[in-house]
Amino acid sequence: MSDIQNRVLKGSFKLTRVGVRDVRKPVIVKRPGRDVTLVVTFDLFVDLPAELKGSHMSRNLEVLSRVIDESVREKVTSLEDLGAMMCKELLARHEYASCSEVLMSADYFLERGPGNGTTSLERYTLKASATAERGGTARKRIGVEVTGMTACPCAMEEVRNIRGVSSGDLLASITHNQRNVTTLSMEVPSDSTVEADALIGIVEGCLSSPTFEILKRADEAKVVIDAHSNPKFVEDVVRDVLGKILDKFSNLPDDVRVSVKSESYESIHKHNAYAERDTTMGELRL
Amino acid sequence: MSDIQNRVLKGSFKLTRVGVRDVRKPVIVKRPGRDVTLVVTFDLFVDLPAELKGSHMSRNLEVLSRVIDESVREKVTSLEDLGAMMCKELLARHEYASCSEVLMSADYFLERGPGNGTTSLERYTLKASATAERGGTARKRIGVEVTGMTACPCAMEEVRNIRGVSSGDLLASITHNQRNVTTLSMEVPSDSTVEADALIGIVEGCLSSPTFEILKRADEAKVVIDAHSNPKFVEDVVRDVLGKILDKFSNLPDDVRVSVKSESYESIHKHNAYAERDTTMGELRL
Amino acid sequence: MSDIQNRVLKGSFKLTRVGVRDVRKPVIVKRPGRDVTLVVTFDLFVDLPAELKGSHMSRNLEVLSRVIDESVREKVTSLEDLGAMMCKELLARHEYASCSEVLMSADYFLERGPGNGTTSLERYTLKASATAERGGTARKRIGVEVTGMTACPCAMEEVRNIRGVSSGDLLASITHNQRNVTTLSMEVPSDSTVEADALIGIVEGCLSSPTFEILKRADEAKVVIDAHSNPKFVEDVVRDVLGKILDKFSNLPDDVRVSVKSESYESIHKHNAYAERDTTMGELRL
Amino acid sequence: MSDIQNRVLKGSFKLTRVGVRDVRKPVIVKRPGRDVTLVVTFDLFVDLPAELKGSHMSRNLEVLSRVIDESVREKVTSLEDLGAMMCKELLARHEYASCSEVLMSADYFLERGPGNGTTSLERYTLKASATAERGGTARKRIGVEVTGMTACPCAMEEVRNIRGVSSGDLLASITHNQRNVTTLSMEVPSDSTVEADALIGIVEGCLSSPTFEILKRADEAKVVIDAHSNPKFVEDVVRDVLGKILDKFSNLPDDVRVSVKSESYESIHKHNAYAERDTTMGELRL
C-alpha cells in the first residue's frame, strides 16, 4: 500500500517549509570537563516539491530520536553541530526535499558571580539552528539570549542638568534602569568554532551591568554603582557587541551572518525600547 | 432523543467546576460620559452533581452571547455586574447546578500624564469575577493590574553607606529601579460601588512612580526624581495599598475580601521579587 | 541643551531597527456600515545611521498618538493604512532615518454561524504592517490568523485499510482531527484593496471545517461530518489558500508578496504539524 | 550597620507571602536506576509579620543554592522532598517567618510507545510544592501535567443518530477529537510515597488515548481506533482519574488533598472545555 503523502499532484505549489514544531527532548552535550543536559525545543522542516501531496512528518521525529541517541555515543559538543547532523539526515530520509532546517532553543546555566567569591548558576538561553541544501554543506548558527541591566544615559544627564550637577559626580547620577534581554546570534563556518560561552561573555560585557541571583548588600551596591558608571541605550549595547564581535572573530570570512538584538523592559514606560542589527562580518568591516 | 450529557451515573463523583475557558468577546460598558469597548476573555463554570454524566457546555456560550447582547440595551456599567448577570443566567440554564462562576480579563485604557499637560492613553488590565449559589445573591469582584516603577530602598542606603553620603541628599541616591506589576482585587458588595478607576489611582499612588508612554526630557527626569524620592520594596507597595483601601472603603463590611499582589521584574536579578496579602476588610481593621 | 541622542559618533555601526515594542492602544477603524474598536499592539521602528548615538524614541509614541487621533477624524478604513500613515510620519519626525516600519496585531471579530441561522461573534487576529523608505511610497501588508479544524487524510485511509472499508463510506472514516491555526498575509499595493474579511473567508474555506463557538447538537454533527468529508494535511491547507489567492487577486502585480502558514495542534502528538509558503504573486503564476 | 529590612514598623500589616518568583535551576533527582536532570522553575516565599519592614530575599536564593548542592550528595529522590528541605531551611534563615512555601515546575520525560516496540521520550510537566509552618512538619505535594487526546462522545452519538447507525459500529463513529491537557496533583503524607510516574500512568489510562511522538502508519491508526473506542468528556477524564486515585491510594488518610483538572483544546471550537475537582481523599470516600 502506498502512503497518501506520496500521491502525485498536478498544478499545485511547492512549499517552503513542511515539518514539526515544538518537539521537546533532553540532549546531552559534551563540554570540556563536563556533560551538560539541555532540555531542547526543536522545530524540524524540509521543503516539498509541487508534485508531491505530503511530507512524511514521522520521519522528522525518527531523525530527531536517532541523532540524539547517536550524539550520546559520538560526543556531540554543540547544539549547532547536532542541528547540522539532523539537517543531513533529514535530506537522507526525505528523498524529495532539496533543503532542510532545524531550529533549537534551550535553557543554559553558567556559574557566575559579582567578583567577591560568591557565585550562583545564572540562567541564559541558547538559540541554535542549522540549514542544509542537497549536495551542499550545512550552515550552522549559534546564539545566546542574555538577561542583564541597562541604565539610561539620557535621563541621567537630564537630571544633572536640572539639578546643576557636573557629570563627573557619579553618585549624583540617578536614572531609570531596567531588565534588558540581548540576543547575539552568529553563523559558524564549518571549519571554525564559536563558543556560546564566549558570546555570553561578550554580551555581558556590553550591558550596563550583568545581573546575579545572589547579591549580598555590598555586592548589590557594587552592581548598582557599576551600572550607573556605565549607562547604555539599547543602541549602545548592540553597537558595543558588534565591535567586540569584529575584534574577537577577526578570522571569520566576510559572508558570516551576525545578528544582535537588545530589548529593554523600560522601568519608566509600559513598553519596551529595542535596537537591532542584522548584518554580515563583511558589512561590519566596511 | 436525550442528550448523552443527561445520562444518570451511579457511584460517580461530583465536579467542582465544569465549563469553558478562553472565550473572547467585545463588550461595551457604559461609563459616565462615554462608552468603553473592552475585548474580554471569559471563563464560565458551573458545578456538576455526581449523578449527571455531563454539563451542557453550549449553554455557557448562549448565556454569554445573550447577556452581552442585553448589556447593550441595559447599559451595564461594569464587568463585574455583567459577570453577576451571567452567573444568575448560568444557574437558570443549568438546572442541575448549585453554583456558577464567571472570570473576566480585559485590556483597559485611561488618559494619564506626568503633570505637565501632555497625556497619553495608558494601558491597564481589568480582572473581574462573579460567583453565585442557587438561591443566593451573586458575589462580585473587581480587580486592576497596574504596571509602574519601584526603586529599591535597600540598595540606595547601601550605596550611600559605602560612599559616605547622608540620606538627605536625594541626588546621591542611585539604586536599582524596575518595572513592577501590582494587582489589587476587591469584592464589591451588592449595595456598594467600587470603581476600577479608583483602584488604579490607589495602586499608582503606592508605587515609587507611575509610568507613562510619552515622556519628554524634563518629564522623564521628573519621573526618575519622583521614583528616587519614594523608594519602595514590593512589601511597601502592598502595605501602602492596603492602608489606602482601609481609608477609602471604610464603609465596606468586614467580610469583603481584598487581595493585593506586587511583583518587581528586578533589574539586578533575572528573577522577580514578590509580595502578597490575601485578606478581608475585617482582618485589616484588627 | 542638546540631546545626548544627537551626539556624533566616529567608527560606529548603523542600526537596522531602533524603536519601541509592545505599545497597546485602542483604535477605531471605519468599516462599511460600522465602526470597529480594535485593541492594537504596535511595534514602531526606524533605522539609525552610524554617526548618531541614539534614536529619539519618544517621537515614536508621539507619532502613534497623533496618527491615532487623526484617524478618528480622517476615517481610516484599515490597520495597514494606519500603519502607512505612521511610517510616513516616523520619517518626518526622525529626520536622520532612511526607513521606517510599523507592525500591528489585534483581536478581531466577525459574526459567523454553521448555516442554520444561529450565529456568534467568532474571534480572529489581524496582523498588519507597513514599511517606508525616504522618498518612496509606503508598502502595506494585511494578514489574518484564523483558528479552525483539520482532519487527517492519512490516518483516515489507514484505518479504512485495516478495517477493509471502501473510501466511499464517509461514516467509516474515523481519523484524528484537531485545532489548526492558519495565517495568510499579503502585500497591499497602494492602488489596490485587500479586505481582511475576504482573507478570513479564503482561509475558512480551505480548512477541513471552520469552527464555531455556539453549536447545538445537530450543528456539531454537521461540522464533524463536514470536516471528515474534507480531510486536510497542513500542506493541503497552505496550497488551497495559495490557489484561491491566485484566483481572487488575479489583478495584483507579480511583485506582491504572499505568505501562508498553517499549524495543526495535533491531537495524536504532543507536537505540532506545520507547513509554510513565503512567495510572490509572480512565483505563484509560474 | 543594620539592614533596612529589619526596621520596626508600627500600625502596618502582615503579609501572606513575600519572596522570589521565576528562579530557574538545574536539579539532579536520583531515581531507581538513573539520575534525572530537571530544569526547575522555583517560587520561594515566607510570610512577614506586621512589625518588620522587609524580608531578606537574598536568603531565599542562598537556601535554593545550598539545598540543591546538598541534594547532589544526599540523593534527593523527588522534587517535593527537595521542596520540603527548602521550606525547613527557609524557616531557619527567616527567623521572623511563621510559614514557608516552595513551588516547582519542570519538564519531564518518560520512554513510551504505542505498544509495538517503537518508543520515544514523551514529554510531561512535573508540578511539585511544599509548605511548612514553624514547629510543624512540611506538607508536600506532587503533580503531573499530561498531554493526550479526547474524542467527544456527544458528537459521536449525534452523528450516528443522524445517519441511523447503531452504536455498536465503531468505524461509523466519527466525532471531533483534540489535544487535552490533564493535571493531577496530590498531597504526599510524610510517611508515604506517591510516584510521579504512577500519576502519569493513571492520567494516561483515563484519556481517550495517550499520544506519542513517533507513530508509523499502523500505530497512528491504532491510536485513532483506541480513542474512538473510548470517547471521553473532560468530565469523564476527571472522574475516571478520581476513581483510580481512590483505588490506587486506598492507604492514604482522609485529609490528603487531591486536585484533578482536564482541559480540551476543542477542535470544533476556538475555546476550551474544562472540568475540575478539588477535594480530599475523605470526601472521595463518602
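Each chain carries a letter (A, B, C and D) given by its place in the written order, and its residues are counted from 1.
Everything below uses one rule, namely that contacts are C-beta pairs under 8 Å (C-beta built on N, C-alpha and C of every residue); 3 or more make two chains touch, one makes a residue touch a chain.
Keep in mind that what you see is a predicted model, and the values were worked out from it rather than measured.
With centres computed as the average of Cα coordinates, no chain lies farther from chain A than B.
Pairs A-B and B-C differ in how many C-beta pairs touch across them, and the larger number is found at A-B. Distance between chain centres (mean CA atoms), chain B to chain C: 31 Å.
One inter-chain figure worth recording: chain A and chain C are separated by 26 Å, centre to centre, where each centre is the mean of the chain's CA atoms. In whole angstrom, the spacing between the mean C-alpha positions of chain A and chain B is 36. In chain D, the residues that reach two or more other chains under the touch definition are 3, 23-24, 61, 123, 154, 161, 213, 215, 217, 220, 269-271. Interface residues of chain A facing chain B in the complex, by the touch rule stated above, are 122-123, 147, 149, 154-155, 158-159, 161-163, 165, 170-179, 209, 211-213, 215, 217-218, 220-221, 223-225, 227-228, 265-271. By the touch criterion given at the top, residues 3, 23-26, 37, 39, 58, 61-62, 65, 107, 109, 120-121, 123, 213-217, 220 of chain C touch chain B in their complex.
Within the complex formed with chain C, the residues of chain A that make contact are 1, 3-5, 12-24, 43, 45, 48, 53-55, 57, 61, 153-154, 157, 161, 233-236, 238-239, 242-243, 263, 269-279, 284.
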